[in-house]
Amino acid sequence: MSQKIKRLGILTGGGDCPGLNAVIRAVAKTALYRYEIEVVGIMDGYGGVIESRSMILEDHHVSGILHRGGTILGTTNRDNPFRYPVGEKDGQTVWGDVSDKAIANLEKMGVDVLVAVGGDGSLFIGNELYKKGVPVVGIPKTIDNDLSATDVTFGFDTALNTATDAIDKLHTTAESHHRVMILEVMGRDAGWIALHSGTAGGADVILIPEIDFSYEAICQKISARQQKGKKFSIMVVAEGAKLPGGEQIYQEERKDNPHLSKLGGVGNVIGDEIQRRCGVETRVTVLGHLQRGGTPTPFDRILGTRFGVKAAELAMNGEFGQMTCLCSGEIQSVPLSDAVKEQKLIQADSELVRAAKSVGVSFGD
Amino acid sequence: MSQKIKRLGILTGGGDCPGLNAVIRAVAKTALYRYEIEVVGIMDGYGGVIESRSMILEDHHVSGILHRGGTILGTTNRDNPFRYPVGEKDGQTVWGDVSDKAIANLEKMGVDVLVAVGGDGSLFIGNELYKKGVPVVGIPKTIDNDLSATDVTFGFDTALNTATDAIDKLHTTAESHHRVMILEVMGRDAGWIALHSGTAGGADVILIPEIDFSYEAICQKISARQQKGKKFSIMVVAEGAKLPGGEQIYQEERKDNPHLSKLGGVGNVIGDEIQRRCGVETRVTVLGHLQRGGTPTPFDRILGTRFGVKAAELAMNGEFGQMTCLCSGEIQSVPLSDAVKEQKLIQADSELVRAAKSVGVSFGD
Amino acid sequence: MSQKIKRLGILTGGGDCPGLNAVIRAVAKTALYRYEIEVVGIMDGYGGVIESRSMILEDHHVSGILHRGGTILGTTNRDNPFRYPVGEKDGQTVWGDVSDKAIANLEKMGVDVLVAVGGDGSLFIGNELYKKGVPVVGIPKTIDNDLSATDVTFGFDTALNTATDAIDKLHTTAESHHRVMILEVMGRDAGWIALHSGTAGGADVILIPEIDFSYEAICQKISARQQKGKKFSIMVVAEGAKLPGGEQIYQEERKDNPHLSKLGGVGNVIGDEIQRRCGVETRVTVLGHLQRGGTPTPFDRILGTRFGVKAAELAMNGEFGQMTCLCSGEIQSVPLSDAVKEQKLIQADSELVRAAKSVGVSFGD
Amino acid sequence: MSQKIKRLGILTGGGDCPGLNAVIRAVAKTALYRYEIEVVGIMDGYGGVIESRSMILEDHHVSGILHRGGTILGTTNRDNPFRYPVGEKDGQTVWGDVSDKAIANLEKMGVDVLVAVGGDGSLFIGNELYKKGVPVVGIPKTIDNDLSATDVTFGFDTALNTATDAIDKLHTTAESHHRVMILEVMGRDAGWIALHSGTAGGADVILIPEIDFSYEAICQKISARQQKGKKFSIMVVAEGAKLPGGEQIYQEERKDNPHLSKLGGVGNVIGDEIQRRCGVETRVTVLGHLQRGGTPTPFDRILGTRFGVKAAELAMNGEFGQMTCLCSGEIQSVPLSDAVKEQKLIQADSELVRAAKSVGVSFGD
């Protein structure tokens, strides 16, 4: 198989994530120098496949990008060849399957194997293309760390650093002003960033989607601290934390959100309630897009590099329909279909949750 | 005069600001070792004067705090001895003048001279106390850089670093996703943080309270960039930027704000409108409290130290009613009454604004 | 067993390492609040045991220390109760076994179980004390990442960040001046920091103790780059890299080093030779102690916290003679004697070395 | 005059310095868009003039470089058209004046005005070319902050941040190990980086070329601290600090240094002596090239931008033989000949030295 591969295509899909350039660089350098084949960079995820936008990647394109956030190929979390806007009728978008065109475009580009870097959405599409005969290799990407098929993936460590740095910054203001400071971080279904950054930042309360909380428990924690002379508290709240009653409020980026900025995420709602119930000045900061940006940490650059090299190896060995993963510290591969089988959620009785509780963190339960 | 001074009191008032601990350390070390007098730290700004909460500051209290954000003395932007809640009537707070009690408390603490560190509010109160006979020396503090009596004060450089770092982070996401990314920064009346961080971060549009903007001009800038193949844009917006029509929307911290979190600051309003008018995906991040926190930059630690030493010298030399300042790079002093005479605003034709325009920044005018 | 434990002692030994305070905090908070027992902090490692220097640790001692580098208990990489200077004879130090005195001191302090945090030396001593009947629990600490009994331990990630940040800084100078820039990092027997930081920083050459190098191979790499128009190169060298011929040169901290600063480590020696052989301007930076300092990364704070909680649990469950470890991502424990059985070295054919080679890194082999 | 200028040339000379790219970007954007003329980037300082290496700079060359350290044009601290190696005789380099060729090359490149960015060496050359009729505008660059013609220039603030960060890192190790930690920073004739970073980092001793020190005074300071229970001390030493007796030892980069790495700079010499005399464990870190690298701070990006815009204005207004400067906070210009008239040294009785002493810093005097 591998001797037939003369050109490898690569695309990045889904939300921006630190480490994507490390992946692109590793795939390209491995392909160019170790396997001595050509590399095509496809622009803006599957959008570039559908609209046939690509460029030949040479050494100078992928040199000096290791430490840069973002992706030199561009990305999107929209375009899906299996459900693509093909027209309009009565003011409504008409959706169609343009996957055959996408496959034809890949052939025109001379792409013998496609490395798709993305989250569950992009990997699902990759798997569908694979099922239709396209040689696809996947690389998992999720800043939320909620893919069950890999221990962890690149981007999460950088997001964790940004969130922890924010907590460190809020600490001094909380302490100086005797306030409750709330930081809302990413995590719609899984609270990994909140759990890790809250533990690393010494938060007093961490609220995550996986553990139901009550305001009573939070106020109890805050007043227990006050009784010990600690007049401030730090809370970290995942954007997907469920309000008592079970409601989830996401602040942004939902495709069908009629308003750009749904005003007031879960952090603000909780902050208002805490201030009202506990009678302590409360301030909310929504970290938002800052979590996706910035120079990747060494961990993310290394993991991105390892995934990139592995994906190129899988591609050249003809192991299609596979994606790279980190399993028990080893770089391995699993079927693409595994990527999206189930989300990796936090177990309420897991060791890390228990450790956090052991040093005094309340989860509001 | 100076031979009579046996005990110096110090308080920090107003919002949290990086460099306050450098000031406290410098005042205390200078007093303890150079002048060999005692130092009283008054807790939580003028609140600690009114409620007589203080502590003797010794070497170990002020060692190792130079690099820490916040203030070890606590602060508040509320308590004013000339207008203090003294009771309640018909469900309404009754305000009274408790300045005589405050002055009596200072005497009971044995404070021979008071060093008041704060913004225009705290310095105004300091000047009123001075007019009533209290030996007061002021140190100006404003993260917004809007005091006309000093070239710059500590805290601003740290806030500028935090804001610029945020722009750097947003850049990669903007570029990868072909979006307009908006960062809302502090600055109600003066847009210094926006102007400086926007220039340092390579923003394409900077909106400040001092320069009126139109949506047309912004959209023109964005589409001019698109025509040059730059599919993304970065905007920095001061929280006090005036919407076309002149309205200002502050997001938080207004004392009489009935709701904790007035939902949707100026960044969100502008973001919605840009997305609607220019048809380009737009995302908004409100930096908020992060700007007040964190380890102070070397510049702020040094300036805080210099101000602290100067204030102790003024105190010991009997130069009361004065505040420290940085004028043309020199540490000097001016009357406390000057501190609040006028706000330092950005001139639309100033050299920095023209330099920013020269490298392509649009101010929406 | 656990019901008898009323007081837990903790000490930190060996070189400074980011995350030690996270460990101390986690052990103390777990002991104080979850198990409601007392905690004794022993000063300066085993020195404090021998000389009976300790303090009761209360909540306020361990609050606010999570993000601070170093150890509030002090540390030393010298004092060993089994070989301690007990006098002098003919100008020579006389060494003796003072372990009985040490054990007696622990009893006097009321220490029912001792948590020893340290590297192979400190853990070896801990195991010897355990064999003599002292209830000991260990927590592994090594910035070099060379303990085979744990996947990784705290401190390494922070050192990696510092080293990678240095490489990023050297990159611009290398590129602007067309130079070879060499960074010497820690790692006497194992090159983990060099391998990881070099991979993360995009180094062109990485030299580690585990892989023999030749100057020919390095010069070849440098001139291959020049032929591609890349006039600069970045090299990362572990301090224990073996010169051709097999000699190792350590720059500092060797106990029996007659001179404080053995001038010229391996980085300088290699730099001179590269400049001479390849005729390209070469500059060397020795990162040194900066690698041990600074605010721990979130990863190190979390791992320190998890180890601390686990150690307190082992202590209370009577599982003495054990040390905490991270095995395949899980917090577990192994016998203390395992800690020092063998050093964890880099395998020349390991996946990470191969990945680094795949993106163009030369190991000089 | 200005209507004749159709093409502006720019070069960067001397040592690498954060902010150079901000300058290049500002000059180029101002020239391209405000004055609508062409821009030629000359490679590697005056070397590129002599050897006629240059490139047309377009928008895409100078976009996205604002936050990057180094210089996209390359630099060198060697090539001087007035003293250039023109041959060899008896194994000795023969030097000659190739300035006429350089001027001819500038004409061939079509350069109507040359913006030279550099330190005293590069500006001196610029002035000599100006005297021979070349329209030259200068921009001062010195990481050491020792040019008297400008209050400060870009690069210094970034170097100060790097040095202060290093002190912060060394603090924890010093404290944990009860050591004296010495940091050697740049500054051959002027100790600005040492004075500023030492003050910002809370150093106990600062040694600079401008103030003679004695070992007795240092040991006194260290033991005074020990008596107060502070078992560690932090020292910052400028590389040009004069040993008692007046000797200066520079560690590297001297052109005529026969050995690449003169082993052991002043930090090591002082460290050995302190350890010997005070009997306290002492460790030395030489910060070296790290000070020149890295992402420029916002201050340096802004100052670089302002200088770049001003230089383009000077160039277009025909104000040749001038260089930009920051005087009392204002961007202005002075004759190029002023740039090198005298070095800006620290006055021993200046306000900042006195402030540092007031918070307890010893200068060893």
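Read from first to last, the chains carry the letters A, B, C and D; within each, the first residue is number 1.
Criterion: contacts are C-beta pairs under 8 Å (C-beta built on N, C-alpha and C of every residue); 3 or more make two chains touch, one makes a residue touch a chain.
Every value quoted in this text rests on a predicted model; they were computed, and no experiment measured them.
Between chain B and chain C, the least number of touch steps comes to 2. Most remote from chain C, judged by the distance between CA-atom centroids, is B. Chain A and chain B, compared by their mean Cα positions, are separated by 35 Å.
If you average the Cα atoms of chain B and of chain D, the two centres end up 32 Å apart.
In whole angstrom, the spacing between the mean C-alpha positions of chain A and chain D is 41. In chain A, 168 are the positions where the chain touches two or more neighbouring chains simultaneously.
Chain pairs that touch, as defined above: A-B, A-C, B-D, C-D. Chain C makes touch with chain A in their complex at residues 25-26, 29-30, 33-34, 59, 63-64, 66-67, 151, 157, 160-161, 164, 168, 196-197, 199-202, 228, 230, 295, 297-299, 301-302, 305-306, 308-310, 312, 328-331, 351-352, 354-356, 358-360.
Residue ranges of chain C in contact with chain D, taken from their complex: 12, 15-16, 18, 20, 44, 68-71, 74-76, 162, 165-166, 168-173, 175-178, 181, 252-253, 259-261, 263-264, 268, 271-272, 275, 282-286, 288-290, 292-294.
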